[in-house]
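Some structures to go through are shown next.
Next come two complexes, and both contain chain A; in the first it sits with chain B, in the second with chain C.
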Partner chain A sequence: MHHVLLDRWSQGASPLHRRDARAKILALLVFLVVLATTPPNAVAVLATYAALLAAAILIAQLPLGLLMTRAMVVLPFSLTFALISWLAGEPLRALALVEKSYLSTVAVLLLAGVTPLPLLLGGLERLGSPQLLVLVAQFLYRYLFVLSEQAQHMRLAAACRNGGAGHRRASRFRSATGALAVLFARSYERAEGIHRAMLARGFSGRFSLLHAQRFRAGDGAFLLLVSAFLILVRLG
Partner chain B sequence: MHIPDNFLSPPVWATLDAIAIPSVGLMVRQAGRQLDDTRIPLLGVMGAFVFAAQMINFPVGIGTSGHLVGGALLAYTLGPAPAVLVMTVIVAIQAFVFQDGGVLALGANVFNMAVVGVLAGYWPYHVWGASWRRPAMFAGAFLSVMVSGSLALGELLMSGVAMPRTMVLVSLALFAASAAIEGAITIGVIQAIAKLDAGFVPHPRASNRRTLAILGGAAIALGAVGFLVASAAPDGIQRLGIQLGLTATTVLHAPLADYSMGWSVESAWVRRATAGLAGLLLIYAVSAATARWLVRRRSA
Partner chain C sequence: MTPVSEVRPPLIEVRDLHFQYEDGTQALDGVNFTLYPGETVALLGANGSGKTTFVLQLNGVLRGQGSITVCGLPLNKETLPRIRSKIGMVFQDSDEQLFMPSVLDDVAFGPLNQGVPEEEAIAKAKLALRQAGLADVWNKAPYHLSAGEKRRVALAGVLAMEPEILILDEPTTFLDPPAERNLLQLLADLPQAKLIVTHNVRLAASLASRAVFFEKGKLVATGSVDEIARRFEWTYADLPPADLRYSAHRRF
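Take a look at the complex of A and B:
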């Protein structure tokens, strides 16, 4: 499954994995902004950015092919709009839509692939995101797959009991609402249990990382280098 | 409808980022005031519930099935401000973990789905929920999906993305259909939840009624504008969008114009990039200031 993949990727030990999350987030933002302002006909610039991303993926020791396939999730949307632009007589714009949205997606996937989500969220918090927002995100990510699995079990169990197949649509609809309501109530109870368990373990109201990341000189150098390279390529 | 990066033009996404950050900050502050600490895990788990709910399919027609979007449902069960918070987190996680929606376009997606979507979904319930519970819930869930979709469509058109008139109309019809499905699912699930425990679905609170009514009205007005923008002739709108984009760019550029001397080579790009970065810095400063202010308020 997807999350297992990203979680495994982000556990690596490459130089990119070791950078401070803040440096990586800011580098991503610089990349996205520079890319967003690149004109569609600057093919050489776009190709250089693609090469830079590929190099970064290899440095991070992530599977290049798999990552590039994963990034294709954006293509159905882009291709639809690209086709329309093409038909409207703007082939250049169509091409740019596909290239640029795909490169952006690869870049975001690369960030998620070299940064475990708790560290990524920690970085966002230290860049100024409200603490409550980050706290909720930590809980959400922790229980996302637990609840998804529960929903899948419920679906499987319903299918085993014939799941109302052959019944009228209205009654199947009603049974689906019932399933969601049960899932809702179980999630609610689970949340109460979680809070009690966390209090029992001395939860103080915020998560603290065992190895808090420090913004070192290397991180600053990385950010400067990447930004300078991106901008120079764009100007040159 | 999650907009990926590079579909919105820089003035459009930068403006929406700048709008989304203080609105989310405001809602987070309000949620923080309403909630005690015991409810924080609940918000996260309810966000996970919305993700998991997409696994349960609802039969809606021949061979097609729909699933819950959840903004209105969260607003009815958790309250509007916590629901905005949870939906914001959902949209952000979809962007970072599932590559569903862009990072620069995050402000636009949060604004469409989490802020306006949830508030427009809560508004009818808040105003008419006491007497006409079911119709108000249906209207709310319908509005939340319809308004988010129309806004996204309007933003794309403003950015000059080419869309023939028929496609705009077809998209609007599709949004209306999925909005109606969302309404039916929301009513059904809320009734089933209330049957399990009536306490899950609190009645609308009487306090801060006016602010919410105003916010909701504004949300719906914005949605209507998006709807109008989307349904008007795309050609005219595109021109308007380009003009708006141009004026927005000039405004962004104005304070930096004097510093661009010596940058005459490709100065248009440099200025655009500088404006973009300046916009990001501005957004960062605003959110950092909001966060600091929030922390100070919480500890005070």
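Take a look at the complex of A and C:
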């Protein structure tokens, strides 16, 4: 999933975009818990969850088809485990595994698509997530783009010197591992540079993110409504 | 007549500074340096001559032997937070300096570390962005910015801390001529004393009142930019195109 696309989606102005990040994170948490505890044979309940997610995507004015397609990124992993369950003689469990992992991914993408990352991180921090975890997520998001650009430059430089073309697989593998090592070393160097830049601006180990949003009554009502609906569907 | 700046106490005073990297490279070897209020000093010298290592000592990012005094404060563990508030450093690679998820978060990073309340930090960040001519990018992600914009945001990040001294490491690297021109204009308008690490003599001449020259970790000369550039042949201007072609052939 290219994070620039998520970034663009998250800049929308739908009712879901306007909700406080904490309300959306907690709603996602409730969704994941009810989804995980839904019995594998409750097909109608799983279909209701899917319909709820589709409705939320449409309310958020996000491209339904594209988001559903992007969520398929999880399928290679879940299908592997589903195959094991299938071979173990549990086809219903296998099907539920695929359905649940797919719906979870759609829900997570929906959250990321309606919440700009700084607000999402701020929300996680305010909800008491370990700061180290929040920091790692933030740096990963920020430097994924820079590192992938660096990797592309290296690939281009190799291609300009005929790297890879017409070589045997073993040779290509050797070049790729070498490039990976260089990329790692450069990332390490960059990390040192970032740390220096942080120190130069007074960083002393405590990170502060700005929190532009406030938890309002509407956010509380949204959280209650979504949670109540999900629990009713699950118990009903 | 004594220059006005020299009757005031110096902003930075460095005495007999030595620094060796872990691999044994002697990066600084007995450097003495003084920066007075209102001055802009260009640090010239070849790659690896110790310029960047030197400026990283001034706010304690690297620590060598010798004495450093900034705004009357001797550099040590206790004074480090105050000294880092007084010195704003703009790094050569803006991507290393812009590590927060949004421009506003990044520019407010310094003030928040200074203990400024959130509302005030936001106000300072927005003011610094306006000063840098980028009032409308505050909610953008850093990777959406051009090289010139990134450099200005990096500068806004240090201006928001209201430093008394600005240190700029190769400020015009990767910038196209219009972006370079805009940045030069912006820097010229800033009242802070400045230290500029650069290879760009044109930049040094247009901003700096004085230049110092580094060679193998030593500060070997000080004078006007023009004097230093001539003395160390730190310019391409004297070399006719034919000579440039000749040197290129000879080199390869």
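Simple rule for what comes next: the second predicted complex is superposed on the first by the 176 of 236 C-alpha atoms of A that agree within 3 Å, B and C clash if a C-alpha of one lies under 4 Å from a C-alpha of the other, contacts with A are read in each partner's own complex, and residues count from 1 in each chain.
Convention: a contact is a pair of C-beta atoms (placed from the backbone, for glycine too) under 8 Å apart; a residue touches a chain by one contact, two chains touch by 3 or more.
Keep in mind that what you see is a predicted model, and the values were worked out from it rather than measured.
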Which superposed partner A:Gly65 touches (first chain B, second chain C, both, neither): neither
Contacts of A:Val146 with chain B and chain C, given as first, second, both or neither: both
Touched partner set for A:Pro76, first chain B, second chain C, both or neither: neither
Partner chain(s) touched by A:Gln138 [first = chain B, second = chain C, both, neither]: both
Touching partner for A:Arg190 - first (chain B), second (chain C), both, neither: both
First, second, both or neither for A:Pro118, with chain B first and chain C second: second
Contacts of A:Thr177 with chain B and chain C, given as first, second, both or neither: first
Partner, of chain C and chain B, that touches more residues belonging to chain A: B
Which of chain B and chain C A:Met198 touches, first, second, both or neither: both
Chain A positions touched by chain B in one structure and by chain C in the second: 117, 138-139, 141-143, 146, 190, 194, 198
Interface residues, chain A side, partner chain C - complex: 4, 7, 116-118, 121, 138-139, 141-143, 145-146, 190, 193-194, 196-204, 208-211
Complex contacts: residues of chain A adjacent to chain B: 2-3, 6, 28-30, 32-37, 39, 70-71, 73-74, 77-78, 81, 84-85, 88, 90, 93, 96-97, 100-101, 104-105, 108-109, 111-112, 117, 120, 127-133, 135-144, 146-148, 150-152, 154-155, 169, 172-174, 176-185, 187-188, 190-192, 194-195, 198, 205, 231, 234-235
Residues of chain B touching chain A in the complex: 4-7, 10, 13, 24-25, 28, 31-32, 37-38, 40-49, 51-53, 55-60, 68, 77, 85-86, 88-90, 92-93, 95-100, 102-104, 161-164, 167, 184-185, 188-189, 191-193, 195-197, 200, 265-266, 269-270, 272-273, 276-277, 280, 284, 287-288, 290-292, 294-295
Residues of chain C defined as touching chain A within the complex: 56, 59-61, 81, 84-85, 87, 89, 91, 93, 95-97, 99-102, 104-105, 108-110, 112-114, 118, 121-122, 141-143, 157-158, 161
